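Have a look at this one.
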Amino acid sequence: MNLADISLAVLYTLVFPGFLFTAVVGLFLTWVDRKVTAVIQSRMGPPWFQPFADIGKLLSKRMIIPRGVRTVGFIGAPLLSVAGATLASVIVFLALFDPTVGFMGDLIVLVYLSMMPAIALIIGGASSRSPFGAIGASREMSMVLAYEVGFLLAVVTVIMQTGSIRFAEILAYQAQNGAVLWSLSGFIAAAVMILCMQAKLGFLPFDISEADTELIGGPLAEYSGVGLALFKLSRAMMFFFLPVFVVLIFTGAPQLNLLSILGFLVKLLMVLVLLILIKITHARLRLDQALRFFWTKVGLAGLVAVAFALLGL
Amino acid sequence: MSNTIDNALNWCFKKSVWVYHVNAGGCNGCDIEILDALTPYYDVERFGIKLVHTPRHADALLVAGPVTRQVRERVLRIYEATPDPKLVVGVGSCAMGGGIWHNSYATLGGLGNVLPVAIYIPGCPPRPEAILYGVAQALGLVPQQVKKQEYLEVT
Amino acid sequence: MFRHTISELKEALVCLKAGQVTLHYPFEPSLVEDTFRGRPVLNTRKCMCCGACANACPARLITLTDSDGIRALHFELGRCTYCGNCRDVCPQEAIEMSMQFETSTANPEDLVIHAEFYLQTCRDCGAVVGTQREVDVVREKLSNSPVHTNYAGYFDLCITCRRKQAIHAPSLTLEVVP
């Protein structure tokens, strides 16, 4: 590990496929989200620079730290959220751009890191001395136990079909043997993963922990200024790298020709628009309805997908 | 360098204003007009205005109603919970001097006696367009259109 | 649950038929109807400072103050409820509810109408009769009546002095028949 390696690692993490790249593209995709929402709601939406203006404005506000909060948890939670999102996005994009950088088991690390923003929300909510934060944190804990089951079962299906837990190898397998999506188990696993991703991104109908009108922002109720900006930034980053992850893991990496890259972008856009359309046409579920949905229907579908993958379908 | 950062952050503040709506004892007329202003017909999101549900996320407080004695404490707490920089906008004739309740035993004579107000939007209730104009005027985007009318007789 | 999702997605596509309904407000003017009651405007040429509007205003924002020979009419339009009572009771039709609704301001003083009128004082005792404009209006209205010459001397007297004059005036029509 010499200085060149360390500086390259820092560059990867902070600039190119890491923080800056994912944050900028993620914020742009939140604009796409708001514009599609506006079109369906028959109005003009915000201009293209709106998410950047929002983050800039949040950075210019004073962060109020209420008296009596647990300072370490309160201040550490947004940092943890952004750190988890950054590192997860580095793994996803490096597997795409530079497949030699990776290690055995980095898929598992990726799944674990993509859970960091939810854990950070729980810590932040529990540290803010507010009943809204406490209820939001407990709801988020229940939701994490619910949607991670389906997410992991879908990932297990892919691992069983491709026979590897290294992300770059999964992409290489799909480049040779065709996408996982076209098998029965792969198709069911993709549907399961898209539903779990809706909950992971905190979108309706599953945004139970951050219910704006019920819980006043839930765990985010006491955050302002830089803390809120970091949470929103990590949400934007997740909105970028999670759909990319789904498209990559189920259909493989695009080859280096224009048609293949365009096909990848079209698939990404389709996944995004599907998530947005489900978000704006549904009402929020109650916590027990959501838990029942994830544990019985989605969990069962995931188990069926794993069973089919075992049988080789 | 710090000048450009200041200018950039000022630009961000003008382009993205998150409002929190406070009812300080009003009749709900102004509240309904504020909600009207947030519908797709007027579409405030194209100016970056968004309704938030906690004063900690807010930049502008839209306060409607004459401040009654009971609500004064809560309005002050909401004002202190909002992080700087912030704008206080008094919506309706009741905020500007107490309106029709100016000499009631239960009100305190308008918002100016309780909070530092950046701009008043008179009306009973003000049209949604007037509310939009007022918020835009507070951000410095449009000019003021009223001034004092005086007439002194000369022989 | 999935059938519900499909029907919701179909509904989302149906919503696209409405197009864009937004009124581009600051860049397009917002039209109001003819009977819209906006900010009251005082026509000081017609006003005679009689105080009917001050009586009628529910928000009590119109005040008349007398001070050395001047009657000041003061409207504090910040508290106005735009009811139009002042316009309805004004005998000179001097108040008009304009169409202006973009009246936001940081300073309540910007919404003040202040007008001053000369007072007519009694030639005998010096009490206030009314504003000179009021006296002129009454004089003009009576100038069309056939008996106006009988009252020519009363316009610059207060009510007490008018009574004194009327008690001792020569009788016009009646003769007492025992």
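The letters A, B and C name the chains in turn, as written, and every chain counts its residues from 1.
To be clear about the criterion, contacts are C-beta pairs under 8 Å (C-beta built on N, C-alpha and C of every residue); 3 or more make two chains touch, one makes a residue touch a chain.
Quantities reported herein were computed from a predicted structural model and do not represent experimental measurements.
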Relative to subunit B, which chain's C-alpha centre is the most remote? A
What chain is most central when centres are computed from CA atoms? B
When contacts are scored as defined above, which chain pair ends up with more C-beta pairs, A-C or B-C? B-C
Let me have the rounded angstrom distance from the C-alpha centre of subunit A over to the C-alpha centre of subunit B, please. 37
At what distance in angstrom does the C-alpha mean of subunit C lie from that of subunit A? 64
Between subunit B and subunit C, centroid-to-centroid distance (C-alpha), Å: 28
At which residue positions does subunit B touch at least two other chains? 40-41, 43, 46
Subunit A touches at least 2 other chains through residues 41-44
Do you know which subunit C residues sit against two or more other chains? 21-22
Spell out the residues on subunit B that touch subunit C in their complex, using ranges where they run on. 40-43, 46, 93, 96-100, 102-103, 112, 117-124, 126-127, 129-130, 132-134, 136-138, 142, 144-153, 155
Which stretch or stretches of subunit A touch subunit B in the complex? 34, 38, 41-47, 49-50, 52-54, 56-57, 59-64, 132, 212-213, 216-217, 220-225, 228
Subunit B - residues contacting subunit A, complex: 8-9, 11-13, 15-16, 40-41, 43, 45-46, 48, 52-54, 56-57, 59, 81, 83-85
What residues of subunit C sit close enough to touch subunit A in their complex? 1, 5, 8-9, 11-12, 15-16, 18-22
In the complex, the residues of subunit A that touch subunit C are 39-44, 277-278, 280-282, 293, 297
